[in-house]
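Presented sequentially are two complexes of chain A, the first with chain B as partner and the second with chain C.
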Partner chain A sequence: MERTVGQPVNDSFLRRIRKTHSRKFSTVVEVKDEQASQVCSFRTAENNPINHNTDHIARLYTVPIDIQRQIFQNGGLPGKFMKQVTTFQECSIMVRQPAIEIISYLNQVDYTRPVNKYVLYGKFGVGKSLTLCHILHYAFAQKYVLVHIYWAAHWFKDMKEVATSVLSPGCMDLPIDAGLWLKHFKFQNSKLLSELDLKVSKDYVWNQREMTSQGTSILELVEFGMNRIKYACGVIDALIKELKLASIAGKCKTMVVIDGFNAFTSSHTRIRNDNKVMVLPKQVSLAIPFFDITKNDWCNGAIVVTVDQTANKDRRESHLPRYLLGKEGFEHLDPFIPVLIEDYNIAEFDSMIEYYKDRKWIRNITSSGQRELELITNRNPFVLMDQCKFL
Partner chain B sequence: MLSFRLRFKASLPQNLSKILKLFATRSNILETNSNESEQFRVLDLYPQTKVMQEKRKTRKTSIPPSRATNMPTDQDWPSVWPGARTFHPASVPLPLRQGYQEKGASPNKYANAELMKIPNFLHLTPPAIQRHCEALKQFCTKWPTVLENEEICSKHFPIEIISSDYCYSSPTIRDPLARIVNLQVKLSSLYLDTHAKDKLLRLLGNKYNPETDIITITADRCPLRKQNLEYAWYLLMAVYHESWRVESWEAEKSIADMEYFDWDTSQSRTSLVTLYTWPIPPTDYDYEIIPHATEYKIAVSDLINNGEDQYSVNKYKEAVKNLLNLKCDNKE
Partner chain C sequence: MYFLFTYTLFRCNLTSFRREYSVFPSHYVEPIYRKDEQEALFRSEEAMNIAHQQVKPAQITDTCSEFYDARVLKFINTIMRNGDRKLARTLVTKSFEEIKRIQLQRYHKAKTNEEKDNIELDPFVVFHYAVDNCTPVLQLINCRKGGIMYKIPVPISPVRAQHKSMKWLIEAAKEKDDEERFYNMLAKELVSASQNQGRAVKWKEELHKKCQANRAYAHFRWLK
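For the complex of A and B:
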């Protein structure tokens, strides 16, 4: 309440204002009241995704700031949503039906059987990536080792550097991207990996002088890859193999989360080899281990991927999974469980509007204004977020 | 005159030379302009205005009012307009208008080239057609009693020949388009096995319409209709027998050449059996022992053969869920 506008000239004037109009001008008290009254309607206090179930659908939960820093430090949240997170000073994700569905599958599945694959699909902007973030948070809370690619198409579209591979002849390396991914991996899993204390099962020889001998910890292997990014792709290959072996042996659980998986099955990349010929994703040494880990020849884990129209250049007409994956991609993932993500339903839309009101992101919206917003956005989450910027 | 003469005498001696001179010059002028009268020429500064021509008087001819005005309403129209003919305003008692004017209504029917350009069907009124038919009836034979409906007709006469006749008034009655012959036959009326049907469809290409199941062979390369008809018969026969023939290279057909998705030879079956027997590699790809495998097989085949849509994807999802023994108990 105490406004410190300590201008000596206006002092007497301000005092007068405070006496007469202070209640009208203050905002702090009102906000607290609103939050207290609406906390049950659109928010859930249950911030641990392990406990999320159908009762929490269409409500927002907040990812604790330390976990957000740990999982999404190097990317993971979509760019525009990240801006909103910064503005709102909290990372609130809506609990939605597809995420709850997958979480329930993950809870009931038999982990001695080969891994199951879940493919999220839906039109542009319906929240595939955010559902993936929710599942990633769940997996983090369940102490899975996270193998997370936050946007696979980056590697084939905005790659940093291309080099001919030494370790796997005939392939192309993306050393800097591989190094960045290792950094991301380490950020997400450093605590868990130091707890689990996984060891390398065999010797990996990088060159005449450098090698990673049997019994070295996985974290050291990752560190090596980060320091010697020339071998980062090879390190990722070794790391994925080790993770698979460790999962099969039951030492750890692994969650593979890839956003825009159909970039791997695209027939177009911007990577060129020495002869200026386009290189397909399966000839990129960085992509090969992820092809390997998305096979169902290991257990104690799960694979959650999304397919997105914007992830590949050649197939964009439909959002359905078989079309986006193409023949080879479908055969690679098959059998998988396709999970459709749709636009908000009425309850979700209302709670999102309430949330925006609560964050003072939109103000003074009438019920007809809300109806108009519903109609012009068609309850599409991304369009809603975009349209509410101006309100 | 007398005085002049006197004066002339008096001054003769002085003026003689002048007079001589004057005569000399005068004779010169006379030589040059011998045909002009002895008037001064007039300088026309303003040319005279032309005399307005009189307007030609229009000849008045007495035209009787057009026949259309005094036609009775119950007249026999087919006898007024018995055959195909260019539009004539006086014969058609209809207030027709055709064409476009910048301002005002469309031009009326008199002296209207637009109405004359378009073909009319004034000779093909229902009563006229009925009369034609009545007149032609005596030349027709009776419809076979067995061929009651369309189905029986198409069963006994599966082949349909379509060609067009053209009649119009021009120096020649031949139309080049009349030579074109279409032969239509239903694919289901041909006797074919799986191989022959597949091969026939590949040979026919776009001449087969899968929606109506009709093969259409069009022949237009010969100058006469009869030749084209024979050629169409020949083509149908050739394509039918060719589709029954099995060539040696047909054994090389691979999965990419398949006209439909066959789950039994697909990667999907292999991966299913491998998944089921994991971690032991499968010895034989027998899927019968796997629970819900048949449902899955049907779902995958439908997804790929019938095209992907929301329904087929949901069906596939349910099949995979049953296969993996997963339950979704939280559907709204």
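For the complex of A and C:
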């Protein structure tokens, strides 16, 4: 009646002998893991997104652990994907058509012209955020200054604290969220900013005693904002203006990456002012600089944003950008390049299944079982991840 | 009018003798919904016998999916309360996911290949081991003899034994702190039960011990 897991197989002893024997006496040189992964049909050894091109489509590449720690330390990877990363002990992202498309645009574009805007859109769970992560990694490798919001709706849905703004009257401050964003910004860019050594172009007066004078470095400005979170929103405003000026002057390249941009144009927030009246995103002092940087009145940079049904509360019936952004938001972003992200195609689906098999997430699945998964999930990446969880 | 009504009732009773609760009369055949069972049926002569009989419709849980497991379905039904199958199903799926995560963590921690081979990564297999390990072979029934209540060890039927083992597993998972999630505890319990450890296995052993202690009364089974 009683059984335990992993009863020794009869021939395991023999197998062991054979294993040790071959290891000791065989003349065949052991194949290294890196070489083996090159042969894999679902993996690519090219872990630098700068070199990604159409040959790598439908293959997974691994984000090196140190870069992952630096870019996604304070958020960026979606929560459920993060759980997979800890289980699989590696952060692998699939190289897909939309990411390659945007990377090729970024390689070819003329940076003296006003910035281009790329809007990623698609149904729920098709991988908009992960495509954004891939592009973020590319921008990091190309030494862009990253201005990254990993989920814009957080600020208007579950903000930490709301205060009346001192610096911009009539607006509301989100001091803790602003401080956290500055920390995120510093984490992603500290190495690059200390290399570039950007300076503040004018004096910023915070109150009677405290001011940031002309010529102090941008990192000091960021640190001031982190220490005095009362002025963090004002610091972000100043920082974004400085980054724009520096980009126009050609001192640095700036990449703006915002996930769920339509939260900024939503007509519903949970922020209330002193009279208990709802405050729209354009009256939130934290959002104003990001409206400013998504205009195309600057150059030497790029803007990649996603629009998502789950980012706003009032518009959820369609995934198309015009509907999600509303009239004002659409006119604000216009002109932009829309990039549609779709469900997996057959090759991508197969390589994902192969990857799950390699990570032991699913085992001994038959071809008819695979076909069933394909039909159940309709090759939607998120639903596939969900369906494979209990197998 | 009343006479006619009672007459029809009487006739009904004459024809069926027993009142059925089911919508479907008892001569309806149970449906066969697994593809392999259907193939086996068509190969045998049984198919000819039931070819022209009426068949009950399939239940909502009857599926020809590759990932169907009758015992797991039973387990889902045992967890289910107030007919909330969706919730019960989610709990079991989540605990299976957690089993995989626990086992994969151990798999990555293991250094030698031999250790890695010994770790079972399939949550279905872990579940089957766990239920098998918690299944008792005896049970105690109460019997009153001369004003004294005796507990008599008797053999247990396989269906009842399986139910008891599932109940123990669920009960063991339910004893938890408020912060813990039921499915996480269930996953831990299933993993430890698959290795013959944990509370559910202990309860089974306790029952066996009690049966052993009361073996002097075993013959009361025939004296009843």
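Convention: the second predicted complex is superposed on the first by the 352 of 391 C-alpha atoms of A that agree within 3 Å, B and C clash if a C-alpha of one lies under 4 Å from a C-alpha of the other, contacts with A are read in each partner's own complex, and residues count from 1 in each chain.
By our rule, contacts are C-beta pairs under 8 Å (C-beta built on N, C-alpha and C of every residue); 3 or more make two chains touch, one makes a residue touch a chain.
Here the structure is a predicted model, which is why all the values come from computation and not from measurement.
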Which superposed partner A:111 touches (first chain B, second chain C, both, neither): neither
Contacts of A:390 with chain B and chain C, given as first, second, both or neither: second
Partner chain in contact with A:372 - chain B first, chain C second, else both or neither: second
Contacts of A:318 with chain B and chain C, given as first, second, both or neither: first
Which of chain B and chain C A:363 touches, first, second, both or neither: second
Which superposed partner A:187 touches (first chain B, second chain C, both, neither): neither
Residues of chain A contacting chain B in one complex and chain C in the other: none
Residues of chain B defined as touching chain A within the complex: 266-268, 271-272, 274-275, 278-279, 296, 300, 303-304, 308-310, 313-314, 316-317, 320-321, 323-330, 332
Partner chain A, residues of chain C touching it in the complex: 65-67, 92-94, 96-97, 100-101, 104-105, 107-108, 113-114, 117-123, 125-126, 129, 132-133, 135, 137, 194-196
Residues on chain A engaged by chain B in the complex (per definition of touch): 53-54, 57, 97, 100-101, 104-105, 108-110, 113-114, 116, 248, 296-297, 299, 318, 320-323, 331, 334-340
Chain C contact footprint on chain A (complex, rising order): 1-6, 12, 16, 19, 83, 87-89, 359-361, 363, 365-366, 368-369, 372, 389-391
